[in-house]
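Shared between the two complexes below is subunit A, which has subunit B as its partner in the first and subunit C in the second.
Up next is the complex of A and B:
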């Protein structure tokens, strides 16, 4: 509650460091043996992971079916391009709106559950979305998905940016990531964020203090699903396609692993660290061995066994920082 | 007219009747006590009155409003706060944050997302004021989980009074605290008595007889006696029960 803490600021030191690293990424990424498109992937997954951590780290609500909302956003973006208007804003708005509706409806079934029942229901709903995407061929394109989704330019009225190159798409995605980081930072330090964390710690007490726990859980689930759908819209742009794989159980589990390995339970920055670790593991270990996922899985197991607070927890231990 | 009334409350779990024909009435400005031996149904009664359980039969009124069966958060919003026998805090939060969350000004703006709570110095001042009332001034930035048992018990009460209630239910506030802790709580509750209408459920008879204006005795799931502490000392039903030895 002291006014000098970072929580009261809109822009913080770690944010500036992250933004500086990502803004300059295209200038150094190839010199470390990686490639330009990786930046697009990392930025999209960071958006997804930050939104997911709102649910897991702050709300204490483990979703193992969140890939459904990434996929829903991707399909909404593609379908809006094909059937409504080939326009970036229309596509992203469609992804967000469909995310709100899908998350809101699923959230209605989950908000009064907790623990294992909450987790199992998220798995079940995730599987329902995945199955629908596979079987509703006339809309989703079945196993092949939607192919050839256009990448419309970013039209700001006075100025228009062509996003057909990976570099321009990267900077656009990075701008969205920056907005998401600032918005979520403010959100988790707002009264809403504090109440959600209180509910995670003690649902009963929060209820007896006058908080409608179900409503807060529903709201945080819907917000998290919407952020995932926004990431899905960007994913469809980046891949120029939308397909069922992103909605399957493995994909939904990957985001959980990323957030936990990064330290989402103890730090706002945990998801950012986790996504970075995952993609570095994929591309660096993956360049050495095809079994990179095995090694990443082992890293995850070691983290859970010996440092459940993840990389952010290790950092806090060594620097003496308190959880943020 | 009583501030809070429960009429003909009945509760059963499976085939076991836990409470039967419970009638209770709490006057504004008084400290009322509920006592009874272990297993008498005190806690179930408390949970019915504060909304954790719904009664199978009967009616609960607060002021002029029927609050029977309302969920706990709605009852709390109407001005009824409670503490818990088993300490129920937000352990990842600091002492100050625990109280901040309990303040109605935070609750009423709970869906505010655009401003940081850390920048609200008036909220922090109010929370610090509540902490001073329960003897936790200067402990604001300690972790709730790191407090001693007695201080956690005081913080438990702080959360209830931070809600600015019209009626304060305290569930066994002396539970687990020693003689010194009970003396501290007696002093605290005596000071709260001047500002709040309080209902205490308690197994420590000496403590309850010291602080309460009126006491209801629950035994075998029923209210067997009611009155001032002096009246109860001579009550034939209290004497007939094993409580007679204690009062």
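Up next is the complex of A and C:
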């Protein structure tokens, strides 16, 4: 997380490498034994994880209830399609707005908490959202979820793209991911991002310097929740449904694991690496043994014990420089 | 509406919640480690007890037949004693892993135990399969009885009484024995305890063993009410941590009172809107913690930093 000379740039080398790899993904993904839809999932989860790392890596605020916002975004997207207008922009806007409102309200309760107490309260809020989505049958469809969510086409006025195939949806998701990457990169290297990092290092000192610590923490939380809700909206479109599952404690914990294994504590790119490791592990180890989560869990424990800086940390050690 | 059965129900549930939280409280109070694997150890205890009560092994020279021939209450008591001891060994293994995280950000302990919870749950799924299992209880404590024109479950009363007994025993251990004094001193100021020549490493190992044994015990007692599946751990760990936060970290009676409060809240909302009953405990927590940051009886703790 050390500032580098790249910090001031809009587009950086690692960004171009990531984008190039992802743009060409549909052409090589099947030849390495994986499948097209995986790309959509990976891109969505990268958006989610990058937003999450704003909170965990940059703010030092561990949330064990972030799945709630992904889920809320997914439901908002679906409900907007059903009850407002079947339109992509309406759906995504609904997801973002609901993310801002839900994140903003929860953030009010959390902004003056630190460390473990913060984590414990996020568990409670995450469970509240999960429980409500499970039981509020008339709106969310309960355990069955919201089914038959459409994939409306992306209408840019002059041109319109049909998103019904996984390939076209992948490129749309990738475009959103690129925007999120550039926006978050700018954000963490802005004065705002520097203050957030200062708060992580020493909250008391930051507040003595005159920064409104609570406001900054609230803003980081809300932004992170909103990013998760946006990812949720895309996820509803990808799955054409929304379920309460993504909101439960284990799912919320999984995003923490991904970001940590990738190296979210030390690098902007940690979440991206972590998501890749997780999905490749799921599909590769998962094709060998059904208990792949057992092995992933062990890998995670070893990572916490011996290398909390994750894959990005290993990379930095071996190259002697920061990949960010 | 007659509230008596709901209050009785809520009180018994509250005592059981307090039992679930007991081991969690001990570990968080003394070592300032949030043991997210508490729920998985709770489940593991119940599974091990199930095997002890109804083993499914090949018969070696009639030993198996002789064992199964023992009366069920005897095997049940054996399970209540042996299963927590075995789970305590697993807990001690976890503590040995935890040692690398001491002195670092408490977040690492939380993450490590989260990983351990996942590993334990998957191991349970691997050994016993994903389907619902049954833990047999002796006849004397199953079934129902009639009191004041209302039907009560016998097992619930047994479980609540057992929980009360366990709470009192742990309290006596902490307050009336030299070991308890050392544990409490360790929670208060571990450096000073070490300076007085007490082996802190062994103390931590002991506390973890005790805390995880209590988790297993709670699992055995709770299973006939909740059922047994690999995922049951999450249903246990969430109320446990919730009760600790509500009662205040490091406060014994805080945890017990919070447990009873949560049980009553769940029981009473159950009488109005049964399917929303579990929501009340989250809302209770959020309401209390918003006004009292350290819970009802909490003191300042390093976990806040």
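Note that in this section the second predicted complex is superposed on the first by the 317 of 324 C-alpha atoms of A that agree within 3 Å, B and C clash if a C-alpha of one lies under 4 Å from a C-alpha of the other, contacts with A are read in each partner's own complex, and residues count from 1 in each chain.
One rule holds in what follows: a residue touches a chain if its C-beta (ideal position, glycine included) is under 8 Å from a C-beta of that chain, and two chains touch if they have at least 3 such contacts.
All values derive from a computational prediction rather than experimental measurement.
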{"item": "Touching partner for A:30 - first (subunit B), second (subunit C), both, neither", "value": "neither"}
{"item": "Which of subunit B and subunit C A:165 touches, first, second, both or neither", "value": "neither"}
{"item": "First, second, both or neither for A:198, with subunit B first and subunit C second", "value": "first"}
{"item": "First, second, both or neither for A:287, with subunit B first and subunit C second", "value": "neither"}
{"item": "Partner chain in contact with A:219 - subunit B first, subunit C second, else both or neither", "value": "first"}
{"item": "First, second, both or neither for A:8, with subunit B first and subunit C second", "value": "first"}
{"item": "Residues of subunit A at both interfaces, subunit B in one complex, subunit C in the other", "value": "none"}
{"item": "Subunit A residues within the subunit C interface of the complex", "value": "62, 64, 109, 112-117, 119-121, 123-125, 127-128, 131-132, 135, 248-250, 253, 256-257, 260, 291, 293-294, 296-298, 300-301, 304-306, 308"}
{"item": "Residues of subunit B touching subunit A in the complex", "value": "50, 71-73, 76-77, 81-82, 84, 88-94, 96-97, 100-102, 104, 106-107, 109-121, 123-124, 127, 140-141, 159, 163"}
{"item": "Parts of subunit C lying in touch with subunit A, wherever the complex brings them together", "value": "34, 97, 100-101, 105-108, 110-112, 114-116, 118-119, 122-123, 125-126, 234, 238, 241-242, 245, 275-276, 278-279, 282-283, 285-286, 289-290, 293, 303-305"}
{"item": "Interfacial residue positions of subunit A with respect to subunit B in the complex", "value": "1-3, 5, 7-9, 186-187, 189-195, 197-198, 201-202, 204-213, 216, 219, 323"}
